[in-house]
Structure formats: structure tokens, C-alpha cells
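In the part that follows, the structures are each spelled out as C-alpha cells.
Below are two complexes that have chain A in common, paired first with chain B and then with chain C.
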Partner chain A sequence: MLQPFVLEEPTSIHEAVALRARYGATAGLYAGGTELLLTMKEGLLRYERLVNIKLIPELAGLALEDGALHIGAITTHRRLERSPVVRTYFSTMAEMAAHVANVRVREVGTLGGNLCFAEPHADPGTLLLVYDASVALAQQGGTRMLALEQFFVGPFEVALADDEILTAIRVPALPAHTAAAYLKYGLLERPSVGVAVAVTARPDQVQEVRIAVGCVGPTPRRLRDVESLLSQKDLPEVRATLDAAGALAGSAADAVTDLHGSAEYKSYLVGVLLRRAFERAYQQAIGGDTGDAARGSGTA
Partner chain B sequence: MRFATQVTVHVPRQSVWDFLWDVPRLTACVPGCEAVEEIEPNIRYQAVVRDKVGPFSLRVPLAVEVLEATAPVRLRARAQGRDATVQSLVKVELTLVLVETSAQTTTLQIDTDVTVLGKLGTLGHSVMVRRGEAIVAQFASALQAALGQEVP
Partner chain C sequence: MTDDRAHHGTVTGQVLSIRVTVNGHVHDVLIEPYLTLIELIRDRLGLTGTKKSCDMQVCGACTVLLNGRPVSACTMLAFEARNAALLTIEGMAQGETLHPIQEAFIEHGGLQCGFCTPGMILAAKALLEETPAPTEEEVKHYMRGNLCRCTGYKRIIESIMVAARRLAQTHNPGALEA
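Presenting the complex of A and B:
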């Protein structure tokens, strides 16, 4: 049963960070509530106060700005899935958002909430890592930008201070001749393994590969050692290296045996999904200039 | 969930065994362990263990029972308790085996079998696996450090 709490309803970032400064860790941030309310009902989390940030218009933006996608923290997965701007210029993100959890979660769950809750078996963080995304964290003294890679600290733990709120996610456009792919697999409601790959390529020539693995380890992570194995190579050489890269990615993913499967099983799946995601991203990359968000502008 | 590790210390086996019965020093090696009380010497104890993962806190009062004490070779104990807030049952079976690798060196094999039932058991299994591994590793490392201060 949900325990009683005081509900604060700020209508600006200024008011919200003032509440955070005043109440610190005793106040929880409430956006979609898909994870928060579930854990509060189960008694796993207790807050004296909830700060409802859904009434803050500044957190609702979704627009292209200087070649990057600006996503307000309270943007729902459903909005990302349906936004013409996202579907056109960040189609892999729209596709990923379309498969987060189920439609009820997507309708109210927010990207900011998903990242802040840092449940290890989540999709968005993994894909956003190959975009080199960053987050805007506001407090009373101002706003700082932090690379998403540094935002994830551990399971359910992020680099958000008790007096800060995440206001937006900045997703730079992929470079020219680059495409991304995200593949996941799981037997339970949450995925067991998620692999994101971004490939910059000309026909038969792979220039750069970015790889991130999620769900398997305590946080989503970029696998730069594996990336360097596949970058700056001819396509036949990359394909010949994919098995070794998959094995390395599997071991670097830091899998544990749990209800989602054995560590061996998950490590093996990382390799399988890496090979498939690479092929998908490569084919899309050589199919046209996909890093075109920089050329667009507008709002969703 | 089973977690196993071992540490080798430059301390005779009998000294390691004696250390295991020095309750304040031993429990100081267990991460998050506090309020240890002796109920029946060498047989029953009680303690409280706290842990925190992100915003989630756990506080479990544990009843500890020594199941087997074969000096100076093997000690087996069971700890069991329930977190009052989330009503999750935590049960730990600990087996310590002392192998004399030389007159002055002992290898301590640590085997832990942890069962968590209730909401915690279903909502955060993978996190608990990781925390379990980390806690056993910290325990082993703290034991090694504490025994390193023993005078052989």
C-alpha cells in the first residue's frame, strides 16, 4: 500500500531545484511514476515528499537544436516513438522507444525518469551511449552538462546530487555515413541483454564502430576495446573479426548469473546481438547519409 | 545464490581459528554488521546487518546459530532474519574451512549460500547477486587485513 506523502507541484525549474535544495534526499522526484510508485507501493522506497515535475513546461521540450536532439526530461517514451522529428532524424531511437516495456509504461514513463532510476535492465541508456548523449543537471547555482557515460554510477545509482534535477538529455546527431542499431533479447518482461552499435562506413570500408552493452552488467557501458578491434578496417576484415569481437564483448559485459539467465548464456548473446546489430547498422550506413539530423531543424 | 572465495594468510591455523571466535574482531570484518550480541557463548548470537543500493536501504536483524565447530578445521553457521519494512526473509549459510598450507600459512575457504525471499527476492535478483559477490569479497579482504595484524 502507498504510504502517505506530501505532494509538491512546482511549475518551474527554479521552484523545483529550490525544493530539492530544501528537502534533499527526503523528497523523491515524480515524473511518469512507473518505477517510483511501484517500488513505493511495495514498501521498498519511502519518501516524505514527492516533487511532481510534470507541471514544468521547460522540461517538456523536444526539438532539434544545433544539430542535436534536445529531449526534455519529462518526454515520454511514447512521444519519442511517435515524434516526426525523432522518427526522421533519430529513427533508431524512435524504434527503441517503441519497444520499451509495454504501451502503458510508454504512455506515461519518461526518458528522464528511466535514466535517473537506472534500473540495469533498461533500453534507452544503452542506445544513447553510442550517440554520445549527455544530460543537463540543474541546481540552484546553475546547470552542468555531464556525459551519460559518467551519469551511470551503479545499479539504481546515478551522478545526480540530492539538490539537482535532470532537466534534459542532449543527443548529438550521428556523423555522416553513420547508422545505429539496437537489438535486445529477453524471456522476462525486462530485457536480459541489450546491444547498441553505431557504424560509420562507406561500401566495404568501416571507419568507426561504437558499441554499448546494457542489461547484462550493473550499468550500460561503452566497450571501447571492442570498438577499436572493428574500426578503420576493410569490411571483410571486420566480418572476420566479429566472432572474436563478440567474445571479447561478452566477457567485457561483466555478466552475472541471475533470474534472466546464466552469465555464460548472456555473454554468448552479447556476441550474437553484436554481430547482428553491426550488420544492420552497416547496411543502413552504406544505404545513404543517415547522419542528417544536423541538416534538419524544428520541433516535434 | 552461492558465493565462494578464499584467502591465504601468513598465520598458523590455530591462530586463525581463535580469531574466528573473537566475535568483535570477526564481525568488524562483515560489511554493514552492527549491534552484535552474544546470546549463548559459541552457539547463538544476534546482530543487525544494513546495506544500501542506490535509494534502497535494507536493515535485517539476524539470529545467528553455529551449526558445526570442528576445531581448528571447519566452522559452519546460519544467520536468518526478516527486513521489517519490505517483509523479505534473508537466510545465509556460511561455511569456513581452514586449510593448513604450511606451519605458518593458512588458506581460509569461504563458502556462502544466501537465500532472499519476498519482494526483494523478485525485484532485484541481479543486483543482489552483485552485492553478494561484493560483500563476500569485502569480508575476505577485511579478514585478510585483520589476520595480517596477528603475530605468528
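Presenting the complex of A and C:
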């Protein structure tokens, strides 16, 4: 049973930010509801108002613009999973989206909602970090762009002001000779560990490695110290360093013990998944002419 | 669409008037904005075939189709059904004639206690609308959010594979059964 609230239904960004300015933290943003309603049913969050932003056409776009994927905030996981543009040019993202929770959550849950809710045990944020994604945040005065890395502040906490809304996510295409991979593991509905890697490589020569780890600690994060261990090296050297890099990644991920596993267990898995994700992305980077690893596996 | 009917007795005074087509029948209902879809379906419309179990969008027992898309009625606001076509298990059969998916579940033992079955049938319908000839792997992937504690899933998957072949024949009677 949900506690009563008043529903507001703006039909433009202009109206939505005006409502945010007027009601601040007493109004919750409703973009998908899959996480929000669970929390509200438990009585852990209570709002006087919900602002339904699903009726705002400006938030629904999904398109390639200047070499980047523009994803409107209310784009569902399911749409990312099935979109021909995403499947062709950002196939690792389509593959990741196809494995978020279950199909009902994917039909309703949105990327903007997922990122703003910042539940630590989530997939999209981790992968988007290795794409160097950024978010567009609108308020009455205008819109600012913020790197996703700066957007994540803590568990359930992001750098979204009470008078702002997230309108879009910008995902730059990977550079040439680069592929991304995302691997996760978990025994419950939500993952215990998620590791994303993007590798820029020529055969036997690794130029750049980007690494992000999620679910294990308070927020998804880039591990730049580990990245520099593996970048600008020939392949045998990288492979010889992977175990040490995995161990460093495990400790740098700031793992916490919770229902999804002990900190020690999660740190160990970070290393395992990092090695596997590196190999997968490397093979795709040197083999394919597209910028993305992991071809989509669904139909249609 | 907002209307302040005090006699309706909501705390906030806000009442929404929505039109929803439920199993082919048009309903005009007055609802509170915080009413969940499963409360609308079970408590207001009296359609108790939709089951509430985990209440957290994990088990799939409350799966219904909104404009053909599978959703968890437990964790969705009822107003989202505004101007939509809602399909519950009560809408699957045509009079006394069961839907081919229902027939297949019965013939192939795709249920035991039956509590998860309405959700299973509706999720299977959404799958087969989208992917009429799925592989077994595709069935497993699509159905992984619908939990059954009785059957062990083998017979559910078989039932869906059989239903897919029958539906393909219905749509294309000349085709041979695989």
C-alpha cells in the first residue's frame, strides 16, 4: 500500500523544471518507477508529490548525434536492448541492457531513472563509465553537462540538485580499434559484481585500457591506477600483469559486505571478471572492424 | 483529467478519471494517483486471476500485458493504464475455448499448484508476439523473471515451445509442424 501523494504531469522540460523549482525535495521524479515504487511501498521514501516525466516528448529521443549516442532520460532498458542503432554501434550496451533484471523491469525502467536512483547494485552506470558518458542536467536557468563519473556521489546519491532534472545521457562512440565488454556475476536478482572494460589495441599491442567496477562498493567507479598498469604495453606484458591488476582492482573497488556477498569474495571476483573482460574486449578490438565487443544475442 | 471529488475520500483530494480497455471491455474508472495496478485489477475490477506474491517485481506472478508489454502489476501505478489495452489471464480464453498457450500448458504439465501460471501464460504470450519461433535459449532468457517453485521449469519451457509451433500453424496453416 502506497502512502498518498499528488501527481503532477508536466508535458515539457520547461514545465518540469518549474515544478522542481517550486516543490524541491518534497517532489519525487517518476521516470520509470521500478526502483522508486519499491522504496515507497516499504515506506523508506515518502514524497508529497510525484512528478511524472514520462509525458515529456523531449525526454524520449534516442539518436546518433555527432559521433555520440543521445539517450533521452525516459528511454527504457528494453528500447536500448532492441534499438537497431544501439545494437549496431553500441552493441555492448545493447547486450548489457538485455540482461538488466527481468523483462518487466526492462519494459518500464528507464536509463535516466536508473542513473538518478543510484542503487549500487545496477549495471548501466558501470558500463557507461568506460564510454566516458555524460549527463545533461536541466534547471530553470539552463542545462549543464556533467561527466557521469562526477554524477555518482554515493549509494542512492547523485549530483542532481533539487531543482534539476536529468534530461539525457550522452555516450561517445568508442575510438577506432577499441572494443568494450561488460561482465557481471550474482546469485540474486541484482548483480554482486559488475566489471566493464574498454580496450584499444592492435594485434599484440595494447594502447589504452579503461576499467570500471560497479555493485561491489558505494558507487560505480573508474579505476585509473589499474588502467595505467595495463596501458601502453605489449600483449605478453599486459597478460603477465593481469593478475596483479586484478588484485589491485579488487582492493581499489572499495568492496563492502552485504547480502550480495562478503567484501573479500567480491574483491576476488573483480579480479576474475577483469581478466575475462580484458580478453574478450581485446579479441574484439583486434578482430572486428566495429567499435564494440559482444554482439547482441537476442532476435529481431 | 484531474477532478476534486471530496466524496471519493482521498487524503489529497486528487482523483484521476481514466479510461482503460480491460480484456476488450472499456472501463471508465476514478482512481487515486497512488493506487497500484494490481489494486485496480483485483480490488476494483474484481479480476483475481492476477496474483500478488513477492510484491517487488521479482517473481512474475502479477504479470499482465499493457498494450502487449509485460509489466508487474504490483509495482506499477494504476494511472499508467490510462488509454491502454490491459490484458489479464481472464482475457486469454475466447468464451469456453482456451488460448493455444493455455492448452499447451495443460497438455504438457506446465503447471502444478497454478499460482505462477497466469503470469507465465501472459509472459509467454508477450514473448511469442515478439518472437514467434523462439529457440529454447530465448524462451529461458525471456522467462527468467517468472518464478515457479513446483515444476522445475522443464515442462513450462516445453509448453511454450509447443504453443509457438501451434500458433505458427494457426497463422500459417500450410506450414508443417517442426
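For the reader, a short list of remarks on this structure follows.
Rule of thumb we're sticking to: the second predicted complex is superposed on the first by the 291 of 300 C-alpha atoms of A that agree within 3 Å, B and C clash if a C-alpha of one lies under 4 Å from a C-alpha of the other, contacts with A are read in each partner's own complex, and residues count from 1 in each chain.
Note that a contact is a pair of C-beta atoms (placed from the backbone, for glycine too) under 8 Å apart; a residue touches a chain by one contact, two chains touch by 3 or more.
Because the structure is a prediction, the values reported are computed rather than measured.
In the superposition on chain A, A:G43 makes contact with chain B only, not with chain C.
When the shared chain is aligned, no partner comes close enough to touch A:R224: not chain B, not chain C. By the touch criterion defined above, A:L2 reaches chain C but does not reach chain B. Once the two complexes are overlaid on the shared chain, A:R202 sits clear of chain B and of chain C alike. In the superposition on chain A, contact of A:R22 is made with neither chain B nor chain C. In the superposition on chain A, no contact is made by A:H14 with either chain B or chain C. By the document's definition of touching, of the two partners only chain C reaches A:A101; chain B does not. Contacts of chain A with chain B, set against its contacts with chain C after fitting on chain A, share not one residue.
Of all residues in chain B, those touching chain A in their complex are 53-56, 85-87, 119-120, 123-127, 129-130, 133.
Residues 10-12, 14, 16, 32-36, 55-58, 60, 63, 69-72, 75-77, 79, 123, 126, 130-131, 134, 138, 141-142, 144-146 of chain C touch chain A in their complex.
Those residues of chain A lying in contact with chain C across their complex are 2-7, 30, 33-34, 37-38, 41, 50, 78, 98, 101-105, 107-108, 189, 298-300.
Interface residues of chain A facing chain B in the complex, by the touch rule stated above, are 25, 28, 39, 42-46, 118, 120-121, 154-157, 218, 256-260.
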